[in-house]
Amino acid sequence: MAIMVLQSFRPVLDTIAEEIANLDGRGRPADYIPALAAGDPRHFGMAVADLDGTVYGVGEWQRPFSTQSVTKVYTLALALAHEGEILWEHVGREPSGNPFNSLVQLEYENGIPRNPFINAGALVVTDRLHRLTGDASGALRDFLRAESGNDGLDFDRDVAASETAHGDRNAALAHFMASYDNITTPVPTLLREYFRQCSIEASCADLAVATGFLARHGIRADGTRLLTRSQAKQVNAVMLTCGTYDAAGDFAYRVGLPGKSGVGGAIIAVVPGRCTLCVWSPGLDARGNSVAGVAALDRFTTITGLSVF
Amino acid sequence: MAIMVLQSFRPVLDTIAEEIANLDGRGRPADYIPALAAGDPRHFGMAVADLDGTVYGVGEWQRPFSTQSVTKVYTLALALAHEGEILWEHVGREPSGNPFNSLVQLEYENGIPRNPFINAGALVVTDRLHRLTGDASGALRDFLRAESGNDGLDFDRDVAASETAHGDRNAALAHFMASYDNITTPVPTLLREYFRQCSIEASCADLAVATGFLARHGIRADGTRLLTRSQAKQVNAVMLTCGTYDAAGDFAYRVGLPGKSGVGGAIIAVVPGRCTLCVWSPGLDARGNSVAGVAALDRFTTITGLSVF
Amino acid sequence: MAIMVLQSFRPVLDTIAEEIANLDGRGRPADYIPALAAGDPRHFGMAVADLDGTVYGVGEWQRPFSTQSVTKVYTLALALAHEGEILWEHVGREPSGNPFNSLVQLEYENGIPRNPFINAGALVVTDRLHRLTGDASGALRDFLRAESGNDGLDFDRDVAASETAHGDRNAALAHFMASYDNITTPVPTLLREYFRQCSIEASCADLAVATGFLARHGIRADGTRLLTRSQAKQVNAVMLTCGTYDAAGDFAYRVGLPGKSGVGGAIIAVVPGRCTLCVWSPGLDARGNSVAGVAALDRFTTITGLSVF
Amino acid sequence: MAIMVLQSFRPVLDTIAEEIANLDGRGRPADYIPALAAGDPRHFGMAVADLDGTVYGVGEWQRPFSTQSVTKVYTLALALAHEGEILWEHVGREPSGNPFNSLVQLEYENGIPRNPFINAGALVVTDRLHRLTGDASGALRDFLRAESGNDGLDFDRDVAASETAHGDRNAALAHFMASYDNITTPVPTLLREYFRQCSIEASCADLAVATGFLARHGIRADGTRLLTRSQAKQVNAVMLTCGTYDAAGDFAYRVGLPGKSGVGGAIIAVVPGRCTLCVWSPGLDARGNSVAGVAALDRFTTITGLSVF
């Protein structure tokens, strides 16, 4: 049971970067919008942030990318902070067992999405946050700026416009849930807010640092509390069971950390009480997770022994 | 982030037992076989075992009960120890997103069950272990005797007979997977082995101690290694994402520990590197998990802060 | 094998009307929009039209009602007349085996609806007709006016507006199919056209006469040909297998005629080569078909022996 | 609307045989048991029987083949004759909308199969008939001998044995329905009876003549009544909506007759009040229906105008 006592994450990151450089088969970038299709699977960056915000990085760890579904974690945390348990009357917290856009379970379960990390669930969480704040995407951006310390962090308007132009499936999900009265924001407004969130540009450094509140059991960068200890545990639990589309079981098995991936190629992960990570590489596997990203996190927990299991 | 430093688990267990005594609504016992239907939801026992096998208990912690699906964890560990990665060609490790007996996903996924803890998956794991050992149920019993130190631990032949008499649904699953060549043991033999495993009688003390190898990262009670550190992590991960039927997300959210429940009312849970637990109370919720058992584990992780998140 | 040789349908209609007057349990009107919820299950009308357009009626056979899904038959016939076999690349002709709004099969079958009579299929047929004519709802209205000889036949703008206000589920279906490129008309335009069609007001007399082309193997009221003999057979076949939501098997079993129902309480039916029928009563059964309407058609085929079987 | 007045079916059959001889792409024989896999798609036979039992044939119309699922029609008729409406409490009469072996709908619908012609439904009908007669397969054989006038008609024991050896999926279906108490015969007995029925060998001539009672509205070859007029209509209706697996809509659309196919390559069809047909050719399409068989029936109804629509 020898676990490395780390003075610094730098040597581990260097080792991982070397191994990833030799990784064959890096998957393919998402192709449903041009901005993502242009992604190059050879890109790779990784950052680890200590509880105090000290950040270590390797590769392109300071290069901004499209965060996409990774932001669903922060939107969930904000909505939970605003309305607490009521949120769970509108969205479940069970793994979906189906591909991430599936309408099937939504129909069987009367418009209540299985969890906040499938698209349908994230639309519901955005709807809740927008009701509570009047500006869901603005609230998210402001939060990420504050937590990352990067005041320049912002939406990519071209990406948001491109998502909107290819947004029929999310429009279908939103209208479908509206037919069950589980969406109250007008659908076009909701989609605008949702796609703006997905379009946020940030780097591995930004996200590793901004995720710190989940390793600190709910405490924000400025020392104030966003979530109760129990709520922080809950967000981590939902990430572990639902954070990587229909590969959550495999991710838990290989990596063993709460994590959330996005089709831009980023994955964030949390070692509760210890540190937070963000890795990025645009090549995805068949289930929508970054190939090099999962491999890097797998190596990280294997080398350091820092899995939750 | 104050986490209790515990000299002993006794005070915590006493507190929990008091709270559980006042718990309203304890669910209903499983009713598909007479032996289980006779269970009384007022029963309650709980045990915690330290890494060295020291065991603390409260309530009816030494009273034997029908272990049922809890044994699926040990069968999985034994099969994994015997054949390693090959096992995963025959069974997946993703949450099912459906009730535990579902044939639906099995059909969509060509006879490969989603994970080892739904009935279909446990039948496959039993098939593998029986091929490898020629005596799956015997191998399981011997393992549990050795790990628990209880040489009297055994099958309950009446329960096994009763399960067989009500075994049409498991027979359907086995024949269905055989039609995909994912079961090779003759179906009647396989069902006999499977139901014998389910029928094992053990106490909270027995199971808390016997589960220790998962907290010790793969090391058995006698100091030998059953699983690699990586395999032990994998079993814990599968427990967390798939161990409590279609309530795995909720269990992770509330309890935050790898756990496995059975319709006899038992739940085992693991705090990796720290301790193992077993709680028992026969009243089940709508998803098949012990009501008092989940509540007790929820209290345990809340009081001690010993969640993996 | 004595089949009645009928000089006139009047005695049969009188007998049926008497029996229906004594029918207990007439179902409940559709309640998803106020205009339909106000329907009174005690209303009943029935009309039979000979091949030459002679029409016999009983009860409120000249009272206009909301035609709703009954119009899907005429829209299909018009689209088929315009583009022939190409239509079937965009919509199937198999029974759905699921409730009429189901998204499930649509997802499994990549955006191609099972048949033209489920909502998804009717949206596709409307999309095709709108592409071909630039005015799908106008083409339908003009056709029904010409075939029924009733120049006053028109949309009910209040009903159309009410459908639009409750149109989230159809919007979901349309966006979903648009995501598979199986809808090309902008969704708001398509929904306007679709709901206008549903809103058409007509009487049993109007519809019995207007359906004559299907009994005349494709020949319109003015003697010109709308459909080939083969196409007319095809429309009748699709009505028989798919015309009464997920009760098509039961309708074929009880009535044994090609038929199409609507949630306004109307059902049209065809005796190929012999006559056409329309019956109306607003009380629906659990599957969306008029209770008195099905009973009346059941009696008609039993008394006259005029089933296709 | 010129419909041929036929003195004899011989010229039509000759025309069809010529066209079929030139048919490219005849599909592939069923391959799940060796006896069927040996079938040669170049075989072709067709027979038409008048109401009085006069039979016309072409090609290999007197050559025996494995009847397979075609016999489900006769078993249904016998069970319906024995117990009437009660039968429909155990099996539905709606199209399945899914492949013919599907367990999915069976699970959603609590062990009640959708219709008597999917395997699950035929197992239920066999169970009913066996309860009522004590010898389901014997009753079927005797009935077919009497109706066809062929006393040598019998089971093929090799085929029955081969079906049994590959019977895991049907065993799964039977056990699954038994778990819902919708099967009461012991599963091994039921499967024996079921597979014996499937194994019956008969020719196009035998089956065309034996099906006559469905064209005669329930009257057997000896002039006695098997089914009421209403029941005969019902069997024809179920054939039309459910008789050709998940291609029932397409079969109705192309052929427009009640029909039932089997994986041995046979299809029977009924022109109520006029004649019955049997066609055979072992090459199947992707949905399990004889390619040349469907083509021949399509031509028959097109040439003669004898569709029910």
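Each chain carries a letter (A, B, C and D) given by its place in the written order, and its residues are counted from 1.
We take it that a contact is a pair of C-beta atoms (placed from the backbone, for glycine too) under 8 Å apart; a residue touches a chain by one contact, two chains touch by 3 or more.
A quick map from chain label to UniProt name: A, B, C, D = Glutaminase.
Treat the numbers as computed from the prediction; the structure is a model and nothing was measured.
When each chain is reduced to the average of its Cα atoms, B sits farthest from chain C (Glutaminase). We define each chain's centre as the mean of its Cα atoms; on that basis chain C (Glutaminase) and chain D (Glutaminase) are separated by 31 Å. Remark: chain A (Glutaminase) and chain C (Glutaminase) have CA centroids separated by 48 Å (rounded to whole angstrom). For the pair chain B (Glutaminase) and chain C (Glutaminase), the distance between C-alpha centroids works out to 55 Å.
Along chain D (Glutaminase), no residue makes contact with two or more other chains. Every pair of chains that touch is listed here: A-B, A-C, B-D, C-D. Contact residues of chain A (Glutaminase) toward chain C (Glutaminase) in the complex are 102-104, 106-107, 168-169, 171-176, 178-179, 187. Across the complex, chain A (Glutaminase) is touched by residues 1, 92-98, 105, 114-115, 216-217, 229-230, 232-234, 236-238, 240-242, 246-250, 252-253, 256, 258, 272-273, 302, 305, 307-309 of chain B (Glutaminase).
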